[in-house]
Amino acid sequence: MMARYLIRRLLMGVTTIFVTTIAVTLLIHLVPGDPVQIMYAQSQGTTPEQLEAIRDRLGLNDPLPLQYLSFLGRLLEGDLGQTIRGQQPVLELLLERLPNTLALAGAAMVLAVAIGLPIGFLAAYRRGSWVDSTLMIAAIAGVSVPHFWLGLVLMFVFAVNLGWLPVAGTGPANLILPAITLGLSNAAIVARMTRSSMIDVMSQDFVRTAHAKGLPKAMILNAHVMRAGLVPIVTMMGLQFTYMMGGAIVVENIFAWNGIGRLAIDAIFQRDYPLIQGFILVFATTVVIVSLLIDLAYALLDPRIRRSA
Amino acid sequence: MTTLPRLRLCLAGALALGTALPAAAQDNEIVWARYGDIDTLDPHRATSTLSLQVWSLIYDTLMATDESGAPVPNLATSYEVSEDGTEYTFTLAEGVTCHDGTPLDAQDVKYTVDRAFDDAEPSVTQSSWGPVTSAEVIDPLTVKLTLGSPFVALIPFLADSFSSIICDSNAEAEGFGSSVAIGSGPWKLESWTRGDRISLAAFDDYVNHGKLSANPGRPYMDRLTIVTVPEAQARLAGLRTGEIHVAEPPLDDVSALQSGDEIDIVVAENTGQNVFWEFANRAPFDDVRLRQAVAHATDVDTALMLIYGDLSIPEQCPISRGVFGNDQEFCAQHRPQYDPERARELLAEAGYGPSNPLETNLLVWTGGKRDRLAEVFQAQLAEVGINAQIEMMDIGTMNARVRQENEREDGKASMDMMTWSWYDPDILYALWHTPGAYRGFTSPELDAMLEKTRVTSGDARDAAVRDVMAYLLENAIHVPLYTPGWEWVFAIRSEVEGFKVAPFVYPIFSDVRIGD
Amino acid sequence: MTAFAPSDAPRRTRSFWWRVLMQPAGAIACAIIVLLLAAAGLADLLAPHDPTRMAAGRPLTPPSLAYPMGTDELGRDVLSRIMYGARLTLRIGAIAVGISLVLGLTVGLLAAYLRGWLEALLMRSVDVLFSFTETLIALAFVAVLGPSLTNAMIAVGVAGIPFYARTAYASALSERSKPWFEGAVAAGAGPGRLLFLHLLPNVMPTMIVVATLGLSNAILAAAALSFLGLGAQPPQPEWGFMLSAGRDFFSRAPWLMLFPGLAIALTVLAFNLAGDALREAMDPRSLLREDAR
């Protein structure tokens, strides 16, 4: 049963990646101007014949389906082509930086959970009280603060003005501020999620029964509710992580964190389509794999899925 | 809670994976921070100033420039030109070594030229070799370049990093351009972490044959690390803490820094950079009156003062100070000067007025506060009744877009604030001789004038260049605005001694020592 | 704020808007939104200066009575720019959410109504799009269309479609399974009637809440694009763009970063609160809990 659920998810993931490959092939045809012209835009020496030859060599004159097939073929060999700017190998460039983005998203996730989960528990536990209201207002305010603003302020205060943290490079010390920036805004989301999930569980029958049996509230929370309440939270982690990956794109650009997000924004500015293609593909694949892993964790955790589905 | 510890573990793994400890500034290391990274280590695959500056440290060139920007011998100790001006024979310096230990000889020059003209993957800067058709090895220290037509600008061209000599051992090296770069310059490549840093080490066997530095050999410092720090305020903070030694400062903070004693400011001279208006060669800007109106509407002095203070100055000529043929007085007589009244008259003559304003795009390269400057120009144009809609874009995108705008038959008017830097007036040939780098304005009489600048030399060439400039200015085809325009201001910590910037914005680190 | 009303609480006894406003969240949201609308609508009357006029004051004048939010480095009045920026921001939000809502509703309702393989096709496509994440879709669109404010609006709008479609679908599906729908079918109502007169009105309340919360999302996303330079072009007084331009002056003129940031935060907060208040007032136990976002 569980296997069937996972196979369905796996198929979904494969479909997503498949659709992405089609989308990125189309992308290069949707844009005005062709990549070869951009590649040689600053060069006055190249002749139209030379440009045409390059276009031929890159397969840009082939019919679209053929281009797609050769794109797939090269993809299977791990070749995503070369960047327009500087002709660097696209896949190598992206894979070099992907760990940095994962590190940022991961660190931010740890922070978001470490801050958001206890707050959510507390708010649910003291539901309806002023503690709950205060925490939830803080959370909604937290969601509302633009992270590019928060990030800039943190950077200017702690790295620029106080000089506590290095300004250059991509090392653990440089990770602190971007992780906090990304983590804080997502901690608010985690807190809201946790609270609502816990409240849901608390109103379920087995909790009421436990309560009726006279078990103390704190104990019920620990023993039963926590485990049941965590299930939906873990499911949300997959989605959370993709949010983090999305948020990382902006945050990387504030702190010059050397991840794929910064690479992508530069690529968009430079209209470096092979790199944009590669970025979309790598990003989508990463998200799919992470979601699959989280689904797997979820399936292992939740007995209901193991039984039904 | 069972999943959380597992999650943490996995994240900790990801953390360890993605992050190498950045080396803190070590003894005898100099750290140079810039807003962006190089595109490639391969001098045939990019055109950005950021790339050129680094190539000039790793590679050497046949010629070099003196302080005024004039070409002087370097790897080539001397050269001879054939009677008809189509054959250049260079004698190479003895005992030049590539970073991998192989000697640099005529074969390496030939390899470089052949590679630049390889039809399958021509160099994006092959025109920096002019009309060269072949390179021939005469003997190990003599190489002959044959040209398709006489070309006097070849010698200055060979002084620039576009014409860097690439050691032929790169051909066998895996990853040339991304992880390997074998040159014969003062610094050799240790590693390049793309987007983050370039680590260079002093090349022990380097002998300086003509580059602009007092040091005859190996750089004094052991290591040169070039880091990418996009945020100007962050670069400044790094300078203050000592994490960074040399960097482009936030331009707005320059005057404050100049009055302090912690950080010194070096402003590059003879950059060859020229920022100018140009116009899509179709209606409505095919009407010379409208181009002149734009020129008359532009108050360069006021705009520069507001944005750059005294860091940049108005430029009257289509080729900037430091380049052969530049003459402010001569150009000022031919360039339409700021005169909003005249601009309004011209617009009215062409059928535009307050009720019928001229609508145009205004393409601008991002960065260097050019967006702010463009806003000021936009306001000035609005004063005379020209509605310019600013579009910010990367320089590569802009180059492609300008060409597209020129090739279109109709559509909204388009003008752009173009930026070019070149070390010889031959740039005007590239830009405005048929078919034109951007397929923009061309004319038979201008073609004839430009051709003359390629075959004459000395005073005759000077006169030919003046004719071209007068034509471009009077017809408001190339309306010069200011110089320099990008990456020309350097802030250095005061204990850094011997840092200088050669013409055309090439920083020299060979003489640098860090004092107390 | 979001005190959980028990599900058996008396519903729809007092006027709906009264219940929205009686919550602190609703009241605060309402106040900010009214302020925003006033700033945007009356900018021509209320703004002390022309937002693009240079040297309205001396460059980098700190906040004062004459320039309550100071001036920028070109001497433009920041308050006036913020006010005109409100107009831009509301337009961005409305257009982006409009795109998401209309297309999302269409897809969601059609899928729920048609059932069968079309339903599967539509909703699986939505699932695929959903797993791309909104950021990626928006960036891909900007990459194709090129940076401009209009393109940023479209990109953000398109990126939102999968979420809106999913919510509309879930909501329509639950309406469909109710007895009255069967009744309408039995009474011989045609597809148009079923879709527009029966399904749509019943799905709308849910979608209004989604759209209100979506406004804050869209405004934030578009501001982020402009901040990165992929949206507004100079001299548009777009807040994200102003914030980005102000960072060069952080130490000398912090107000250039402070006010645009505050404006974005307050606006986003207002729509978040408003969405929450609407949700509470409508149905505290609807499928629109936080974890559905």
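Lettered A, B and C in written order, each chain numbered from 1.
What we mean here is this: a residue touches a chain if its C-beta (ideal position, glycine included) is under 8 Å from a C-beta of that chain, and two chains touch if they have at least 3 such contacts.
Quick caveat, the model's predicted, so the values are computed rather than measured.
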Chain nearest the overall Cα centroid: A
Most widely separated chain from subunit C, with each centre as the mean of CA atoms: B
Which of B-C and A-B has more C-beta pairs touching across its chains: A-B
Euclidean distance of C-alpha centroids - subunit A vs subunit C, Å: 21
Whole-Å gap between the CA centroids of subunit B and subunit C: 44
Intercentroid distance (Cα basis), subunit B paired with subunit A, Å: 37
Interface hub residues of subunit A, defined as touching at least two other chains: 32, 156, 160-161, 253, 269, 271
Shared-contact residues (touching 2 or more other chains) in subunit C: 147, 229, 247, 250-251
For subunit B, residues contacting two or more additional chains: 231, 233, 366, 393
Subunit C-touching residues of subunit B, taken from the complex the two chains share: 231-233, 250, 252-253, 306, 366, 369, 371-372, 374-376, 378-379, 389-393
List of subunit C residues in touch with subunit B within their complex: 52-54, 59, 73-74, 147-148, 229, 233-235, 245, 247-252
Interface residues, subunit A side, partner subunit B - complex: 32-33, 37-46, 50, 53-54, 57, 83-89, 92-93, 96-97, 99-103, 106-107, 109-110, 113, 155-156, 159-161, 163, 166-175, 226, 230, 234, 237, 253-254, 256, 258, 262-263, 269-271, 297, 301
Residue ranges of subunit A in contact with subunit C within the complex: 12-13, 15-16, 19-20, 23, 27, 30-32, 127-128, 132-133, 136-137, 140-141, 143-149, 152-153, 156, 160-161, 189, 192-193, 195-197, 199-200, 232, 236, 242-243, 245-247, 249-250, 253, 264-265, 267-269, 271, 273, 276, 280, 283-284, 287-288, 291
Footprint of subunit A on subunit B - complex, ascending: 1-4, 6-8, 10-11, 14-15, 17-22, 31, 33, 38-40, 42, 45-47, 51, 119-129, 177-178, 193-197, 227-231, 233-238, 240-241, 243-244, 366, 393-397, 399-401, 403-404, 430-431, 437
